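One structure coming up, written as structure tokens, with questions to follow.
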Amino acid sequence: MEHLLDITGLTVSYYTDIGRAIALNQVDLKLKQGEKLGLVGESGSGKSTMGLAMMRMIKPPGKVEGGSVVIGGVDMLQLSDKEMLKRRLSTISYIPQGAMNSLNPVLKIKRQMIDAYKAHYPNHKLDQILQLAHETMISVELPEHVLEMHPHELSGGMKQRVCIAIGILLRPQIIIADEPTSALDVVTQRQVIETLNRVQQKIGSALILIGHDMGLMAQSMDKVAVMYAGEIVEINDVQTVFTSPKHPYTQALISSLPRLQNRGEFRGIPGMAPSLYRLPSGCRFHPRCNQQQPHCQTTSPRKSIFEDEKYVTCHLYEAS
Amino acid sequence: MINYFKRNISLTIGLGLLIFLILFTVHGLLTIEFKQAYPLAVRPKQPPSLKYLFGTDFFGRDLYTAMVVGVWQTAIIGLLAGAAGTIIGIVLGFISAYFSGLVDAAIKFICQILTPIPAFLIQVVIASSIDKRDVTIITMAVVVFLLSWMAPTLVIRSQVLSMRERQFVAVAKLSGMNSLEIIFKEIFPNLLPFIAAAFVAQVFQAVFASFYLAVIGLGPLREPLLGNTIWAAQSQSAFFNGWWWWPVGPSLAMILILGSLALINMGLDEMANPRIRNKE
Amino acid sequence: MSTATLELKNVSKLYRVSKKEVHALNPISFDLLGDPARIITVAGESGSGKTTLASIMLGLLGPTTGQVLYEGKDVSTLSGSQYRDFRKNVQAVFQDPFAVFNPFYQVDHLLEVPIRKFNPGLSKVARRKAMEEALEAVGLQPSEILGRYPHQLSGGQRQRINVARAIVIKPKILVADEPVSMVDASLRANILEALVSLRENYKVNILYITHDLTTAYHVSDSIIVLYRGSVMEAGDITKVVESPQHPYTQLLINSIPWPDLERKWDNQQYANPDIQEISGSGCKFYSRCPNRQSGCQVTPQLVPLFPRHLASCLLHQPQANLDSNLTQNL
Amino acid sequence: MFVLKRLLFVLLVVWSASTITFFIPRISDINPIRERFAELARLGGFSAGELEKIVESYSKAFGLDKPLMQQYFDYIGGVMTLDFGVSLNKFPKTVLMLIAESIPWTIGLILVTTILSFVIGNLVGALAAWPLSPRWVRGISTSFILFQGVPPVLLAILLIFFVAFKLNILPIAGAYSIGTVPDFTFEFILDVLRHQVLPGIALIFGSLGTWVLSMRGMGITIQGEDYVVFAEHKGLSSYTIFKDYYLRNAMLPQVTALALALGNVITSAIVVETIFGLPGLGFVLITAIRSNDFLVIYGIVLFITIAVAVLMALVELLYPLLDPRVRQGQE
């Protein structure tokens, strides 16, 4: 089956005074229409860079050094700047992490939605746009009068839903939500995630939820991609990730989770994530791996691909 | 260290200019005859030449000597008024932030009421109320200082207040430090860049203000302060009479002084708020 | 009954924000007993008053009404040596692992000050040794930590240094204000483990303040659920988490994204948290409550429902034979 | 309520300024009238005995013989009703009349130069911080910033030297050419404008750098804000982002800064006026200083203080129109 999103060999580096930090290294990711993927990893694992690279929003000192991001047959990285401007929000949209500050404080919500719309369809009539804005507000469960308000009059959860409303305004094929609930209370978090799921279902787009909360992934995602030090080490359906994780890092991550059953057990992952400036040789996880083998230190593992574009990058699975 | 200077260009250039000015003045002070900076010492109205590097004026003063003395006097006014303003600012700022409540409200209120009053104009009132024959370099410094302590007070107060809300202060309290220790050991070291910037800004303001007062004829008339020289040149219509060197020399010297202070101030700002560091 | 180490008597806090009164904390009373050492969670959303409660207990903030008693004496009137004793024994770990460090100093400063203050007789070598021991106790390599500046360390390392600071002092009570919320998920377990071992090895009573009920469930013995400054439910942690009685607690627990495919969110729709909340008398949760009734305009009392399980909701009848004292139920 | 508060603040500012100007001369025990007439006496008008008599009668006329507190209340009352007394030098002209005659020149100069330097400075500063700007914009901004340390007065002197004296393109001083009669003819207006060019340039460039510098700093902060980044994610054109998301927000603190800078703006303008011999407030002030016309000095100082305080209050009252967050806070 044709994939909606096909990322291959995506590589991004940041160049600073200290040297080159490889934030993404040869990442592959495929996604079908309507699929919901959770992208998890600790801070510095490259999950946000992944989202920005898909939007082509990597800015200096960052640099996309290779690979392709093909959406519906078109490689985003090959488009002209002007064409890419048109694709943002209409083909692929991004719901930011800091909803608290992602809305322009001096403009009404209405105006910020109209701006977004007009940037793509400058000739459409205003009442037509407003009609759509109203519908979109309803679909994120916000009262219509929010359109007439300024951001500071809204609560955190409402602001986040306004951001979702702007994100889905043009019915994009792919929605990337970057930790959309990190600053919200659990009750609000649940509602925002549920709203996100509902609108995703309604417009039938693919959804990528970036985050570090495995709980949210378990609650609402179909697939989970686990990132470690700039690479996807495992990508699998949510069932497999939680019940029989393959990669030793995923295994450690899953067993460190606090659940109802394992009260009072603490299983942290020993060691620290490596600095992106000084990555270990061979497998990037080998210094912290409990199933380390001699060749892990020298050779990078290859992908072991299972059916339906799922894979794990670990020497343990290379033979099979 | 050297790398930092490479990055903070304005600080580097500003300090460079300052060092040049210091060398110029020190060398000058060691070689000049002071009395040539005062009237009737040399042949009047001479354009710049090898003998009179910067020319001489209508009253028979050697303008090179006058400039050396003028820069020196400017430095005294700037440092005195600047230091006094900064110290008052630190003391009041800390008192205000430390005691909070009524004391703070009073200090803040007074500063806020005084800030909109154009300081220069009040300085004009003060300076014009002093018997002109008594005006000295020190009185200039005092006049300038009297209305310039509010800005550093407000700056340091707000910095101490924001610093006091920082969590490391709460932790220091939990670790058993008393209020005085917290102020001097925890807060004060972090304020050093701000205090340095406030001091330089204060010196800049003092030099600026005393210069303005002198330019409109409210300086110590007998001294060859840079502003006084310009005022004298203006009142003798130097440009109309073709004595262009008379006002231009001191003007350039003043530009160098204020320019170096402004650059150092910019550099210190950058140091205190690295967030604003330009990414160029 | 032995003297409580720290006793809160009708403590409340009222803020005045431009003429509006905000009840950050409504009167609350409970004691933290010295023995046996326990971990008590104070849970709530932002604005629930949990951080205000922490600041009052630490003596960083004065209560509007009521008293905080340390070993029976009002904290605000403690004399020099008594105050030092209070300071030494009531300590904290804060949320932000960076903000607690003074950027001017090396990280040693954070550990050295309390040793110097509370153990003035120690020699330099002995101080160094105490610092090293504390760092090792939280699983850090002293040689990798001492002499560094805070920005040179990772968030997880910094937060463990904070716990080490508490170990150095060996307090009787530790207030841990959201100690893991700004730390990566994979490192949380290490820090929580360090906290639990403080309780085990040093008999430290810990007040664990959090909005995250999953970690609370894992580390603590009992819980106080706050909502807009009032206690909604309190008691044994397993009882409250496994069978919550107050509609607010139910909502909270139902909203937890358990990392568990067996425990998925149900399809129930809850009252929108964005709706305008009415302030004034009555149950604080009234405007959001799915079960609200006309009687809810009266402020409900915190009453016992089961042994070691209290709730303040009119839906539930108090069990008259049980103790309604909050301390006894924790 | 808010308006009332601002008004009270203005009154307090004016009250403290007039208190200062009232007491300072009295502390320094200079009798302005004696000072004035002593100078006339030196020039040989009358004898020392006559001087005392004249001083006494004038003191009576000015109410200087009344008790100090009485004088003080009269004075404050006068200031609040813009009655600053009479000029000693140009008797019987009142101070207010002198101000009224000269102020159009000053207002014209200040208005034009402040608007120009504020607009140009902020635009250049904003562009300099904008990552998509061409390199030369940054070059221009840096050169403007270098002017920041140079007071307008010094620029004025250098401009007179290079442009008026050396190149002789523009007049050295004066408001209009000597010998022309003030009239509303085209030639006369052109002549006036020609005379305003150099003072104008001096004032604009003297304050431009400050705006460029502060706006550039502000701009660097704002462009990292989440809402600017989100605007990019929305696919907005860089023009829209620059105008509505970046510039509008970065301008807010600059407007407040403008209110605070008013005092300096006016100070610079009146000093530059004296350098060019323009017949504005500065000229009246310097004439008064030279001739010990104290009431004129105090009158001008207080008048400007009132103007600055009122303008600052106006900016603060208008600010909510720009920033909806403040708007709500007030209601």
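We call the chains A, B, C and D, going by the order they appear; numbering starts again at 1 in every chain.
Quick note on the criterion: contacts are C-beta pairs under 8 Å (C-beta built on N, C-alpha and C of every residue); 3 or more make two chains touch, one makes a residue touch a chain.
All values derive from a computational prediction rather than experimental measurement.
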Neighbour overlap between subunit A and subunit B returns C, D
Contact-pair count is greater, between A-D and A-C, for A-C
Chain-centre distance (mean CA atoms) for subunit A and subunit C, in whole Å, is 33
Note: subunit D sits from subunit C at a C-alpha centroid distance in Å of 56
So, in whole Å, the Cα centroid of subunit B is separated from that of subunit C by 52
Contact graph of the chains (line, ring, star, complete, other): ring
Touching pairs here come out as A-C, A-D, B-C, B-D
The residues of subunit D that touch subunit A in their complex are 131, 225-227, 229-237, 240, 244-245, 248-249, 252, 322-325, 328
The subunit B residues in contact with subunit D across the complex are 112-122, 124-126, 128-131, 204, 208, 211-212, 215-218, 230, 234, 239-240, 244, 247-248, 251-252, 254-255, 258-263, 266, 269, 273, 275-276, 278-280
So, in the complex, the side of subunit C touching subunit A is made of residues 45-46, 154-157, 184-190, 192-193, 196, 211-215, 217-219, 238, 242, 251-252, 254-261, 263-265, 270, 272-274
Subunit B partner, complex, touching residues on subunit D are 9, 12-13, 16-17, 20-21, 24-25, 28, 30, 129, 138, 145-146, 148-151, 153-154, 157-158, 160-161, 164-166, 172-173, 213, 216-217, 220-221, 260, 263-264, 266-267, 271, 274-275, 285-286, 289-290, 292, 294, 297-298, 300-301, 304-305, 308-309, 312
Interface with subunit D, subunit A side, in the complex: residues 55, 57, 59, 85-90, 93-94, 96-98, 100-107, 115-116, 119-120, 150, 152-153, 163, 166
